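Two complexes are shown next, each including chain A; its partner changes from chain B in the first to chain C in the second.
On to the complex of A and B.
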């Protein structure tokens, strides 16, 4: 029973690790918490649905195209909504992201209604590995998030664009006078956000169903994972997501399932009190 | 006269008031020019305006004879300026190597340097201390080492003019002497230097030209040797300063 719950928690953790990393990256570069992240996941999932179910494309192709479209859409959203407010401070941008989230969620509701939908996938039968009962969608979720995490780690630590993102996160005005093109880095950050959030949309859609609140339902867990791991740390986002996912599921063994959402909130409170930089974050040096 | 930088009647500031109230000066190619003056005279604002962090309201900035007034900070770096701020002048949460890589990659895009040569022989010779610290987080370096790293990053882009904002601020006397020696060595490689300094005596000793600022204007533009003979107290606070206001 515990092993099965732990495995289910790992799957949940793998799914929320992608938007948790998206938040971490964006917070580093643009210095605001993007509360539209849940709704973007939803919209991306519906984009995949449109290509996969309505146009009949294979799910993988639909997911890749939707990821690119989602990134391009976010660049457009940035230029229309966030860029004009860039100098107005984090709170203004955060409120704007809340508004954007509401708009996107209701657009999804307007076009697709409240009814639950699903991707065009062959039904896979659950199978057993020892005492564990699992299905192929769950393994895809773990594999895909691990792969994307590795790609993000390599990008941030080994590639010039990743270094530029970290430089802007560290010291934006110095980055400017060191010749870093901030606009280009911002575009890349949104594009990567689009990929991660579309990935999360596909995984949630495969694990559960598509409905207008499918992304927003994960919002607290996503933020808890990013903060627990340490904003700015991709490894932290991954580990934070796994801890939040597994502990939320494990809590159902001793608490009514309705209290599951309370677990990430407890993590946020605890980490802010005892280790504000998160598990993998380093105390910021400003000198 | 072969100026690398020329400013004419430059006005700039924050909010509604002007901090720079019509600054005109030039920096001759290959020379070290030091700007001194009392606190609040607009020295640091002038440097920030030059690099594009404070917008120009009136006047012009010519770099190698070309107006860069309309350029943003990144384009000014591409045009040949390099700026080392007084504080927060390295990416503190990144390693020394990563700091150098960022500037090196920019230089490579500018076409100045082949890829794969992050700490060039020239930089290694100028700042030997950095070679053994490549894996150290820049924020964990001492004040002097951090300043050296900031110089090395700025020089990686092969600037025509290196702009330094109080390079010796907060350093021990030993490191202060090292920093001024580094400025001299950098200048000998052919890079012109414009620096703001509070340690006027040490800075003037290595400078060719000196500009004294007061109340957002140039109060005196003379050779460093001439200024060395003057009374700094009189220069900063004397009757001429009041006239400049």
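On to the complex of A and C.
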């Protein structure tokens, strides 16, 4: 029972690690928490749905194309909405992301309604490994999340663009003095955001179903994961997501399942009270 | 038509109080509240349950709701003492709001869960003929709004109001000047919370029926829109902002006459999309709002001419 719950939690953690990494990267570069993240996941999932079910493309191809489209869309959104507000403080950007989230969620509702939908996938039978029941969707979720995490690690640690992103997250003025093109880094960050969020959309759509609130439902868990790991720390986001996923599944053993989403909130509260920099963040030096 | 306007006016009154509460916390005090919908529902449920289950008088129930929400908000501000950054505080309030929503949804024995609470009494309900009730209802709501407005104006002009603005602009400077920033933050959030509780109670009495679907996060967007449109910190502006949002919401009901072939769900989605676009346009083109916050004015400096003589001030 416990191992089964742990495994389910691992799957949930793998799914939320992608958006958690997305907001943590964006926070590093643009310094605001993006509340639209849940709705972007939803819209990306519906984009995959349109390509996969309505045009009949294979799911993998649909996901890759949707990821690219989602990244391009986010770059466009940034240049129209967020760039003009860049200097007016993080609260303005937060409120704007809230508004953007409402627009996107309701665009999905406008075009596809409130009914739950699913991708064009063959039904897979759950199978047993030892005492564990699992299905192929869950394995895909873990595999895909691990793959994207590895890719992100290589990008951030081994590639010039990753180094630039880290430099800007670390010290924007110094990065600027060193001739790093901030606009280019921001575009890349949104592109990566698009890929990660579209990936999360596919995984949530496979694990549960597509509906207008599919991404927003995870919003608290996503922020809990990112804060637990320390906003701005990619490795932290990954570990934080696994902790949040497993602990909220484990909580269903002792608490009514309705409170599952309350557990991440307790993590947020605890971490902000005792260790505001997160598990993997460094203490901020403030003015 | 008159009674429709009276009903809309009543809604505008408690929406304006909600917006004023957000303006107090965020506009004047700089404490952003993304859990507004949760706190608002806490106020509505507290008032409704006190009146329905505990049998309290409507006014006692309202005071109870203000106390409950004020206390919870105060505790939130107290435990987040190390979370001075606006971003983190926003996320904490978002989480607390979500938690309140979960409690309302799951504790059926108290809140009725998804079914909500019915049969909520109205102020002066039994003693007024139902035909003339909208007038009384609007009158009471308008008086409460006026009282709130005057109360906030007094606070904004008091020494505490200046401390609030100082903390909003730079809390380190305020602390350096010997102001107790933590205690002030607790008071700001608690007073704002009490006002949210007041608005929530009025919401419950107006509809006489509450359920979780009335308190979705879209309320947060409405309230922020009212405050931003009115001008952060400007009380009169915030009231006008709330009226503007209500007119926009009501007006967009007539969209269906212009756009054929949309069903009710699509129309609801379209209205929220329009509100969202309005919020973004506001942030892009008029982030400072349409009215200005109260400023302490002193007499103009006497002009000094080249010879060092003070000239007549004209």
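Everything below uses one rule, namely that the second predicted complex is superposed on the first by the 283 of 287 C-alpha atoms of A that agree within 3 Å, B and C clash if a C-alpha of one lies under 4 Å from a C-alpha of the other, contacts with A are read in each partner's own complex, and residues count from 1 in each chain.
Note that in this section a residue touches a chain if its C-beta (ideal position, glycine included) is under 8 Å from a C-beta of that chain, and two chains touch if they have at least 3 such contacts.
Bear in mind that the values here come from a model prediction, so they are computed numbers and not experimental data.
On the superposed chain A, the two partners chain B and chain C both fit, without a clash. In the superposition on chain A, A:100 makes contact with chain C only, while chain B stays out of contact range. By the document's definition of touching, neither partner reaches A:117: not chain B, not chain C. Using the contact criterion defined above for the overlaid structures, shared-chain residue A:208 touches neither chain B nor chain C, since it reaches no partner. Superposing both complexes on chain A places the Cα centres of chain B and chain C at an angle of 90° as seen from the Cα centre of chain A, in steps of 10. Once the two complexes are laid over each other on the shared chain, residue contacts for A:167 go to chain B alone; chain C is not touched. In the superposed model, A:86 makes contact with neither chain B nor chain C.
Comparing chain C and chain B on the residues of chain A they touch gives the larger count to C.
Once the two complexes are laid over each other on the shared chain, residue contacts for A:176 go to chain B alone; chain C is not touched. Look at A:258: by the touch rule set out above, it reaches chain C but stays clear of chain B.
Once both complexes are placed on a shared chain A, the shortest Cα to Cα gap between chain B and chain C comes to 17 Å. 287 are the residues of chain A that lie in the contact sets of both chain B and chain C, per the superposition on chain A.
Taken in their complex, chain A has these residues touching chain B: 160, 163-164, 166-167, 170-171, 173-182, 282, 284-287.
Residues of chain C that touch chain A in their complex: 26, 32, 34, 79-80, 82-83, 86-88, 90-92, 94-96, 98-99, 102, 105-106, 172, 218, 220-221, 224, 228, 265-266, 268-270, 272-273, 275-277, 279-280, 283-284, 287.
Across the complex, chain A is touched by residues 51-53, 72-74, 77-78, 82-83, 85, 87-94, 98, 101-103, 105-106, 110, 137, 139-140, 146, 153, 157 of chain B.
Of all residues in chain A, those touching chain C in their complex are 27, 31-33, 35, 81, 84-85, 88, 90-92, 94-96, 98-100, 102-103, 106-107, 109-110, 113-114, 219-220, 223-224, 227, 231, 256, 258-259, 261-262, 264-265, 268-269, 272-273, 276, 287.
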